[in-house]
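Below: one structure in structure tokens.
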Amino acid sequence: MKRTGVFICHCGINIAGTVDVKKVAQELSQHPGVVHAEDYVYMCSDPGQNLIIQAIKNKKLDHVVVACCSPNLHETTFRNASTAAGLNAFRCEIANIREQCSWVHKDKSKATQKATKIIKSTVEKVRRNESLEPLSVPVTRRAMVVGGGIAGIQAALDLANSGFEVILVERSPSIGGHMIQLSETFPTLDCSQCILTPKMVEVSKHPKVRLMTYSEVEEVSGYVGNFKVKILKKPTYVDKDKCNLCDECSIVCPVVVPNEFDLGLTGRRAIYIPFPQAIPASYTLDIKACPGLLPIACGKCADVCDAKAIDYDMKPQVLEEEVGAIIVATGYDLYDKENMAEYGYGKIPDVLDGLQFERLCSASGPTKGQILRPSDQKEPKEVVFIQCSGSRDPENHCAYCSKICCMYTIKHAMLYKHHVHDGQAYIFYIDIRSGGKGYEEFVQRAVEEDGVLYLRGKVSKIFEENGKVKVWGVDTLTGKPIEIDADMVVLAQAMRPSKGAQELAKKLKLALDKDGFLSEAHPKLRPVESVTSGMFLAGAAQAPKDIPEAVAQASGAAAKAITILSQERLFHAPTVAKVFTNLCTGCGMCVQVCPYDAITLKDGKVEINEVLCEGCGTCSATCLRSAIQVKNLSQNQVHEMINACLGG
Amino acid sequence: MEKILTKKALPQWVKTLTSYKVYFPKKDQENRWNYLEVGAEDMNLDFLNTTLPPKKLLFPQNEVFLEFFESTDGNQETLEVKEILPGEEPTVIFGVRPCDARAAWLLDKVFSGDFTDPYYWKRRNQTILVGLGCDTPPWENCFCLSVEGSPYSEEGLDILLTDLGNRYLVKSLTENGAKLIQPGKALFQEANPEDQKKAKTIQAESVKKIKRQLKNARGISAKLKGMFDSNIWDEESMSCIRCGICTYLCPSCHCFDINDEVDSTSPLEGKRVRTWDTCQFPDFTMHSSGHNPRPEKASRLRQRLFHKFRYFVENYDKFQCVGCGRCISLCPVGIDIIKVLDKVNEHGT
Amino acid sequence: MARIEDLKEEARKLLREGKLKYIIGYAMGSNGWMANPVFIKKPEEVDKLIWDPTCVHNLTRFLVDEKRRKAKEKQPDTRPVGIIVKGCDSRAIVVLLQEKFINRNDVYILGVSCEKAGVVDDHKLVKKLKGKKPKKIELGDKGQFIISTDEGKIEFPVGELLAERCLECKANFPVIYDVLSGEKIKKTLEKPFGSLEKIEALSAEERWNFWKAELDKCIRCYACRSVCPMCYCDECVIDSINMAVTADTSAEEKAQKIKWVQRSPEASENFVYHLVRAIHLGGRCIDCGECERACPLDIPLRFLNKKLEKEAQELFGYEVGFDPAQPSLISCFKDDDPEDFIR
Amino acid sequence: MAEEFEPKIVAFLCKWCSSAGSDLAGVSRMEYPPNVVPIQVMCSGSISPLYIFSAFNKGADGVLVSGCHPGDCHYIKGNLYARRRLNLVKRLLEYVGLEPQRFQMSWVSAAEGTKYTQIIKDFVKELKPLGPQAKLRRK
């Protein structure tokens, strides 16, 4: 007969208040196989744990049930206590009689009955548990960071500086992300490029970092500590080691296409360097724009290149790499102006979005830092800034708040005033969200020092009329309609997950939230872990964030990754599926349902890869002959638990 | 003593049997007969034979032997056990075919001897079998004559009825039979010689109507001796699907299994139950070691025939087969015990 | 209707050349009119083969025995087994292939097409003949069954004697075969699940009473699962007593076996047994009707399996037994599977 | 007057969403009837039809299976297999005459303590008028 011990926690009055713990202990002591049952005010306290340890030793207990709070809280505590007393951790189970009983019921006798049933069924389970030791696997001690924006760069640097190799994958020709496009940053107004470029250089020069720009993740397999990734390196057709940035090629290039870096405010050639400080510092031949790679098609660039850096025969490469952890920092894109019917579908040249305005303000921008309207290059005297453009609008656009618009709009208004002293800046807002260090002060400064005019309300319509951009709106404070003949309108467009993030999520088996941002494992307690162990999230890929938050999360993600990479071996829960070979007929249904490809069919029988198996048990419910079951949650155990739940 | 009862009077007689539980054969929509407690409207005996023999009433498919409950006090565990015996329930079964009664008579031998089975006998002793002779064979596969029975055999019966058209010739064979007639004796007339003569001719005629015949039944048991390892078992069992029809529906098959049917493991609570079992199930002789001395269906078919035509003959000098033909008529794949035994006759030495 | 003569020559040839281990087919039974399974090993025995409307059995059931036998053999004879299959039976082969229970080259499929007819239902026949004993049943060319009895020939329109499942047949010719006799005549079903309507129309309580009455009859002779080609498990989950033990089965493994169902044939246990069987046949049953035919107490088991076939089709657009490559019903899903029943 | 019938309900909760959701209900001190005894499983995908039949066979008046919303499954797609499998089970049970209310399935996320509470309240409310489940229960 098994010797099971049951320990019932009062949790002060949290449990004892609604559950008659004495009675429960009494009942359980009657339960066959239970040789010890006691209650104590705080089982998780040291004296409480000692009770358990002593009882295990003195009463030679071989199984332990602790009836207390949710296993998520103290399972580890009590399993450690059991091991301290020489019991295998898996011979200790938690019966949750707080969250799922005492806290949700008032009727004491009924709550007591229910608690008893919960504990009895846990006793029936635990007495059928087998001793298990964690499975361990070696760790590949390198990481991959996807996305070369500020978050990706920061994460890569933190990892590299901790001594781990990092592969930094960026799909565009240069790292830097959106931050490199910004002119100044709130609330300090220091120059974005000036603070970012040093980091870009550092990461590119770091001996531990392997930079892979113009590359995309093709495929990810494996599991935490042992991922196998395939990375597609797209051809730039320019040998960056030979290229001396003489720019001859782009001068002769006959093709002009909109410049992504300036968000279409300027053009670029088919062969181009994204921006002067681009890293890697090299030209890229945009094959989509190029008339053709054959010299007969064009070939001008190759002709003029003295460095002979241009190689039309460059082929795409697929590199296979092994990494132990992955950080996803794929960032954001702005919600397309084209979606804004009320604001002229982005067809009005002088209606810009936030990033375009950043470029206008930027010294390296199309206007060399002067604010001129795209339509006629005149200085705009009246500029209307519209917040929440596409945000907080569940009916037509995005339901969520994009978080940073309030601040950058203020910054924009300020920058505008600093360039055009006699100009007037209006800001349409729903309300100002300026939570953050120095943010509120920043807002005040804009209003007091720069006389930015805040209009509370929404803009109903924007249209062009004799060279002006007419803005119709309502001041919801005064209730008066507002009409402004603006020279320029700047829309604080909502933040969206960057294009392609969804496909990537599929490849990485990551979950997305309803808005398409990557889901964290827990909204509060695991904000940087993804649902897949060994993969972490950083930056705006997870939710709208400003720079300091993105950087903080990046460092957090790096730290989390390091908790894996710093291990020699990783330990994997041993509660995995097991096959009863003599019952298996090899129909392979379990192979089809396994989400982790952990089951394989070998000469008529299936086999489990215990490291890949996460123990979900979907296979066991699928098997028609119960030939595959999860250790320590076998069908037999569930059967007995059902019995105990319904007994009495 | 022989009496006459008109068919019209039959229900009236039954009504006088107030102290008994009364069963009659009843037909379902698929024309299958079954022994059930019926209302007056169904108290007639114009039937063929039931799918399930009356065995189910004497030797029910599940019989609770005892109930047990565990109670625990700290380390002190006590197990309470309560024996269950069939209750007092005098029973009459009308329309038992002579072959099925004969089977009961064979079961009597099985459940007595060195060990008397209290459960069986409790039922047997309080059950009266009113037989109905077969003027025409109820199944096309009847072969009672070949196994020392007959359409009017009397073994195992308390009363034998012979259908004389609109009347029954009622022959009481035991005290129980006589007792049964008592309450309604007003309904019976003495049988006159013509009636008896008519019955004789009907019985003689009926024998001729039996189509199927098993040759040399007595010789078979000797022949089987040498055929344990014969390959005819493989051939004949090729189409067997290892179901329990031939044995569960056999009036004389009596193998059983005893299980503890646990309703709750803690506190331990349950019953010890005897249920029918059959040599045709793969687990019948399965050892806990996993070894099975009768691993494939050939050995199971062999066991069935050896038991009926050799072992039983050796033990009781009777066939453990009454020739009712159910196993032939109801086998889903047409395995025919007569055909198989004919083969035994050919091959055997 | 297919002609067996078309197949006999092929059968003789294959056996003569030793290409086949044996052929599973139909022969006249000892009761003189009804077909029964037969196993033909020698070319000269081929003449035993028959094909008529009494060939009700689904012979693929015997492929299960064959696999078990082969597993026991020291040097297994790996030659394929010949088997005569109707349309329905052929779908069973498809499922066995789908579940990798057999390989395509384990079987040589001699297909027979039912064309416009099918097989007879013995109950319907008995009722029609009112006591007369059938001697032979043929399919007439005017779509009628011709039954010879001692009292002469009687004719009935096919529809009146066809087995229920034939009336709702989805494949009246084999969907997979090596040789085929008879024509592939597509027939259209306006009500593929019509037979279920009368039960579905009942109230929950009436349905309960219906099934209670039926399943109370069950004596658990297990003919239903024994005759079923899909019930090929070495051990059924509801038999907890005969764990398919081997020398190296650990005590713990034996202990893992559960008594889902008690052996006593009580209503509750009978229900659980038949529910488990039904759900395990969901997306696998090809409606050969054998369980219902074999049942000595005429429990309408077909109505259980047909129901799940219907749900599989209506809920998930899943058709059983046509494509060996498709995943099993419950080992796949669609993103838009219905979830109206989920809160 | 006899004591009101209190249905016995077994609830299979997946560890990651529904059990966490029911924990949240506790943390938020929501109140619901004590008729439900939870059994925590790793994933709704691991719920074998046998569990449900067996629960009714052992006298459950109602059975609840609750898992993660589609797309949220900790094991990516276990709940979608469950959705298909248990739909068939539900149809079958109803087909043999079990009251539809007795077997329920729900999606409850770790954040939906309120929803879990509501589901239990409704479940108990719907079961009370039906009385004890005797159809599949072993006497």
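Odds and ends about this structure:
Letters are used for the chains, namely A, B, C and D, taken in the order the chains are written, and counting of residues starts over at 1 for each.
Criterion: contacts are C-beta pairs under 8 Å (C-beta built on N, C-alpha and C of every residue); 3 or more make two chains touch, one makes a residue touch a chain.
If you're wondering where the values come from, they're calculated on a predicted model, not measured in any experiment.
Of all chains displayed, D has the C-alpha centre closest to the centre of the whole protein C-alpha set. In terms of C-beta pairs in contact, the better-connected of the chain pairs B-C and A-C is B-C.
A separation of 31 Å divides the Cα centre of subunit B from that of subunit C.
Subunit A and subunit C have centres, each the mean of its CA atoms, that are 53 Å apart. Mean C-alpha position of subunit B lies 47 Å from that of subunit D. Separation between the centroids of subunit A and subunit B, computed from CA atoms only, is 74 Å.
Among all residues of subunit A, those that touch two or more other chains are 593, 622, 626, 635, 639, 643.
For subunit D, residues touching at least two other chains, in rising order: 49-50, 54, 77, 81, 85, 138.
Contacts with at least two other chains are made by no residue of subunit B. Chain pairs that touch one another are A-B, A-C, A-D, B-C, C-D.
Residue ranges of subunit A in contact with subunit D, taken from their complex: 70-72, 96, 98-101, 103-107, 110-111, 113-114, 117-118, 121, 509, 511-512, 519, 522-523, 531, 593, 595-596, 614-618, 620-622, 626, 630, 633, 635, 638-639, 641-643, 645-646.
Against subunit A, the residues of subunit D that register as touching in their complex are 6, 8, 10, 19-20, 22-27, 29-34, 36-43, 45-51, 54-55, 58-60, 71-72, 74-78, 81-82, 85, 110-111, 117. Per the touch definition, subunit A reaches subunit C in the complex via residues 130, 580, 582-583, 585-590, 592-593, 601, 604, 622, 624-626, 629, 634-636, 639.
By the touch rule above, subunit B contacts subunit C in their complex via residues 28, 30-32, 51-52, 61-62, 140-141, 235, 238-239, 241-245, 248-249, 257, 259, 261-262, 273, 275-276, 278, 281-283, 286, 288-290, 295-297, 328-330, 332-334, 336, 338-339.
By the touch rule above, subunit D contacts subunit C in their complex via residues 49-50, 53-54, 57, 70, 77, 80-81, 83-85, 87-100, 104-107, 119, 122, 135-139.
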